[in-house]
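Input: one structure, supplied below.
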Amino acid sequence: MHSNKRFIESNKHGVVLACFAVVVATALAFTQHLTKDRIHTNQVVRIQNSLAEVLPDDRYDLPLDKQKIELPDSTSNKNRTIYVISKNTVPVAVIISAVAENGYSGSIEMLVGILADDTVSGVRITKHAETPGLGDAIEAQKSDWIKSFDGKSLAAPTESRWTVKKQNGDFDQFTGATITPRAVIHEVKNTLIFYQSVRQQFYQ
Amino acid sequence: MEETGNTIAAASTDAATSIKTSTVKPNPWKTLLLNGLWHNNPATVQLLGLCPLLAVSNSAINGLGLGIATAVTVLLSNVFVSATKSYLLPEIRIPVYVIIISGIVTLVGLLMNAYAHDIYLRLGIFIPLIITNCAILARAESFASRNPVIDSAIDGLATGAGFAAVLIVLGAVRELIGHGTVMADLHLLLGTDPIPPLINLGENFKGLLVAILPPGAFVLFGLLLALKNLCSSDQR
Amino acid sequence: MDTALNIHNPSSVARTMQLVLFALIPGTLVYCYLFGWGVLINIALAVFSAALFEALSQHLRKRSPATALADYSAVVTAVLIALCLPPLIPWWIPVLASGFAMLLAKHCFGGIGNNLFNPAMVGYAMVLISFPTELSVWLQQPTGLSISFIESLHAVFHGGVPAIPQWDALTGATALDQHRTMALEKASLSAINQQTVGFFGASYSEWTNLAYLAGGLWLLHKKTINWHIPVSVLVTLLAALLFHKLFSSQPLSVPVNLFGGATMLCAFFISTDPVSAAASARGRLIYGAVTGLLIYIIRVYGAYPDSVAFAVLLANCAVPTIDRLDIWLNRSTDA
Amino acid sequence: MIFYKKQNRIRGGLQFETRDFGNIETPPLPDAVNIDCGNEAEITVSPGQQVLTGQPLTKPDNNVITSHASVSGVITSIDKQVVSIKSDRQDTRFQFAKPVLNSSSDYQAYFCKMGLIGMGGAGFPVHQKIKSITPDTLLINAAECDPAIYCDEALIQERAAEIVKGIHIALHATGAKNCIIGIEDNKTKAIEQLQKHLPVNIELVQIPSIYPSGAEQSLFYLCTGKSGTLKDNKAICFNVATCYAMHQAVDFCRPLTTRILSIVQNNSVRNIEARIGTSLLTLQPMFDQPLPEKVICGGKMMGVTVNKNHCINKTTNSILTTEKPAQQILPCIRCGACEEICPENLMPQQLYWHTSPINTDQLQDLTLHNCIECACCDAVCPSHIPLAALFNAAKSQLEDEKNAYQKAELAKSRYEKRLNRLNSQATRQRKQLDSKTAQLSDGKNSDAEKKALIAKALNRKKSKTPATDKSRNNRSL
């Protein structure tokens, strides 16, 4: 008899818990439904903004993220994400994701925008763990250094000058940090070489 | 802490039931507000929720963002817990608190994701982690579950505001020392056009980078605690 | 252990600190000989500001400022900070470092004897984290006294030396930093050695390290410091380096790491600070080993070129645990 | 005689200084002496009484130390167990009968009568020491207990033959089979003298001249290599001065009325044989300079500061006028010097940390109870922290706490026992009651019987009530 009473007792707890769970779940489902579209828009806008940073404004049709493809990079055996940018359905530029593995502390992730004339339209760092105050000058918010890639191509400057000034290159180094900029420069160059190998796939 | 919760509960119910005694005692709502904001501040007195506090307070706007999220959560959870306290059987009260709090946090997270997307991304994991902020569970258990809805709401508001205030102050100090600005990027929260910072020491200001890095958070929070204790001891 | 002391050997905190200062003289002189007046200017700035901040903290804590300055501990802290900093660094950096050391690391914890962390290293780490750019500008070649005192003062207070137009070319990373850069870029060990090794250690800083070693040995001889910490730090560091050479493909030069950076300064002067080190002989051996291992780990895998400050501070964190462990070990061996 | 150097060493410790000094001097006979007889002794003399040198002042009792007049003269006053005697400058000796000493108990009684105590410093009565143990080994302590005391060294240098006689008496009195003498290796003259007089069956062991090897525990370890207490090793220890006193007592029937002590000053060391009860002021001629207000009695390390009118007693082994310079106590810098020097392998620095405020558990973990308060740590502390004094205070507080705890435990167990007793009593009563009720309700008693019982009870009550009412009324009136 006693155990029976306890059974009812514990069932009662279950029921109360379930009620709370249902109420909360309903509220959440409702909110999720309300915010779903807006959150999606936010995400799209965000990706577009980051892609747009490496491209001048007037050369593409929205949305940027529709033309997303993955291609293998034979030199690093990794897949690269490539966004093909079109204007009036004609491809005008590509944005290629790149990862510099040999940063001062860990790898540096970035996006490289390349126009149809094979010049760099822009480079932006998306993720890094470089020393604060020293290596983080690669961020566009911290310094203009990253903009020194704009308009460069594999032909100009010549391959040997794709390095820091200390090694007779065309690019500035930062005071106290050479590894970080060198890693970025090296990776942009690699990306350009990769771009050359796959170029004909976008521009028939 | 539980004890203080009890005394507040006792004081407020006393005052609410008998008007005669309330003339002798200070206004219970004022007491509740003062407790949450100063005397029993969750961050500087109870030292609860320090992980998010130290992690995200590297700028005033981050502090404000997490502060609002936390304050809303503690306010809503206090109200909910207080409103449903008659259904809260002792054996299942903690699971129910967890359901309520995690539901509210998810809700706040969704809303922030939708209406303050940049701040949401900046705060990252610390929005869902509000659930683990023991200050909230502590208020639900020690106050809301044994006090009327209005009192609980005020208590939640005071506690949340107290926590948010510490976050904002610490964030502002760190931002000022580290970057030379206060309240930069306010537009990220309001979703408007860029707003200039409240204080801007200029481009040439050489900030102490350590202030916005984690070690600086510990040092400055320690100094903030010392300052708070100094003020409290002066009052005494 | 049979160390019976002569009772007539007068010992006091002030005397200990004075001996430490004496032992730092050869290292300071060599440093000056290599890199000129900037070193002395750094020391002067740091000592002066440390004395000022010490007096200020004593005053704030309602104690007599004079008594605190009498024990020379602030001076030792300041000199250690100054010796870690690059010469010709802007004047406000040694001042700030001294301020952090005295106010935050020393007096916030209750003054001499109570500081959990080595004050000099707290001060240095604070400025290193805050101003990495300034802290990584070292004179690339030994200038000796070729930069005059007035020019040095100008460089410290206004930045740059007007008489030397190629100032930027003159500055660069230390041998240890260059070693790390080249290792990260997968240069060959021989190339690294060619670039960074002088006669027997890291180029140029090998001489300061040798001078610190000499001063440290003198301190050992005077029984001002115990052998445990220096031996433990150096042996562990050496063991870790050799272990790395055996098992890791990443190139690494043992001489540069052993006679480079602040290795010897750390082993004999920084980590031997008694207040922030472990209490017992066995504890000090463990403490030294922790420091040595951390120096290796942070130098090879960390984000800052020389890791001594961080290694010492992290080992300081471990001291209470080491002390507890020591009591526990004592009890279990007694039982 | 076996003579060798032992290689055992204690850990840490302080090195001795070797200082030169002349022969033992005898200061002029004092005009008056003040002899403290101790709190428990029963004084058998009265003011105005004439006493002779060596005459007992108290009744011999196994539990106390017998005191004797150290000069002949008239007792001027007895104040708080201190007997003051005005000397008559005759120094006439009180004659004791030649004792018959055949057994250990004879010796005990005789030593008690002659007021012999351990002269090394602790001053434990010799008769009690002999009574407490039947030893195998007799350890003779020829080492000084403090680096700045030279009285034993002087005694050995001049009176080695007498000491050896005393050792034979001690061997006889204790029944020990073998005997070891421990002496520091820097006392070359004293070692020479002992070597001259020692018979073959006594070992002379040189120990390193490091403080605190003179403590009997360390000395025993250094001489034998055996650790553990003396009692565990069936050993007994006497100081050389004690042996000398035994010789004086047995062979010349002289009670303990003088003692040899060192006067240590900045420029000189003198050893004097002074009468017990002599005031330091009357010893002024023995000092180079005017006596300072305060001097240290009992050695540099463990001595205590006393006033200049202090009187010499049986345990006064030295007077230091070299006062420690008053140094400011600074915060501990954890340099670890104290830990290195500690002969007991303790961690004084950690102990110090836990003495303010006292952390009982930690202090016990760090084995504070093993501290011998040798004050080596004080001597090396660069911050001049009086560690030994702090440890002494902490030890006594720990002791108090332990006692209080034991008392509380005792009271608790008493209370629990009482509670148990009451409980069992209550259970017993309840059982009795239950059995009674069971008897009443088991059906044997019919309803009528019950009614009758009730009525009977009611009647009983009725017959009582008026009386109580009346008394109540009376009271209210």
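Here are some notes:
The first chain written gets the first letter, and so on, giving A, B, C and D; residue counts start at 1 in each chain.
As a working rule, a residue touches a chain if its C-beta (ideal position, glycine included) is under 8 Å from a C-beta of that chain, and two chains touch if they have at least 3 such contacts.
Just so it is clear, the model here is predicted, and its values are computed rather than measured.
Listing every chain that touches chain A and chain D alike gives C. Chains joined by the most contact pairs: C-D. Farthest chain from chain B (centres taken as the mean of C-alpha atoms): D. Averaged Cα coordinates give chain C a centre that lies 52 Å from the centre of chain D. As a whole-number value, the distance joining the C-alpha centres of chain B and chain D reads 64 Å.
If you average the Cα atoms of chain B and of chain C, the two centres end up 42 Å apart. Centroid to centroid, with C-alpha atoms defining each point, chain A and chain B lie 34 Å apart. For chain A, the set of residues that touch two or more other chains comprises 132-133. Within chain C, the positions touching two or more other chains are listed as 129-132.
Of all possible chain pairs, those that touch are A-B, A-C, B-C, C-D.
Within the complex formed with chain C, the residues of chain B that make contact are 206-211, 213, 215, 219, 222-223, 226.
Listing the residues of chain C that touch chain D in their complex gives 1-8, 11-13, 15-16, 67, 71, 73, 111-114, 226, 274-275, 277, 279-281, 284, 323, 326-327, 331, 334.
On the side of chain C, the complex with chain B involves touching residues 96, 104, 108, 125-126, 129-132.
Those residues of chain C lying in contact with chain A across their complex are 129-133, 135-137, 171, 173, 181, 184-186, 302-304. Contacts from chain A toward chain C in the complex involve residues 102, 104-105, 129-134, 174-179, 182.
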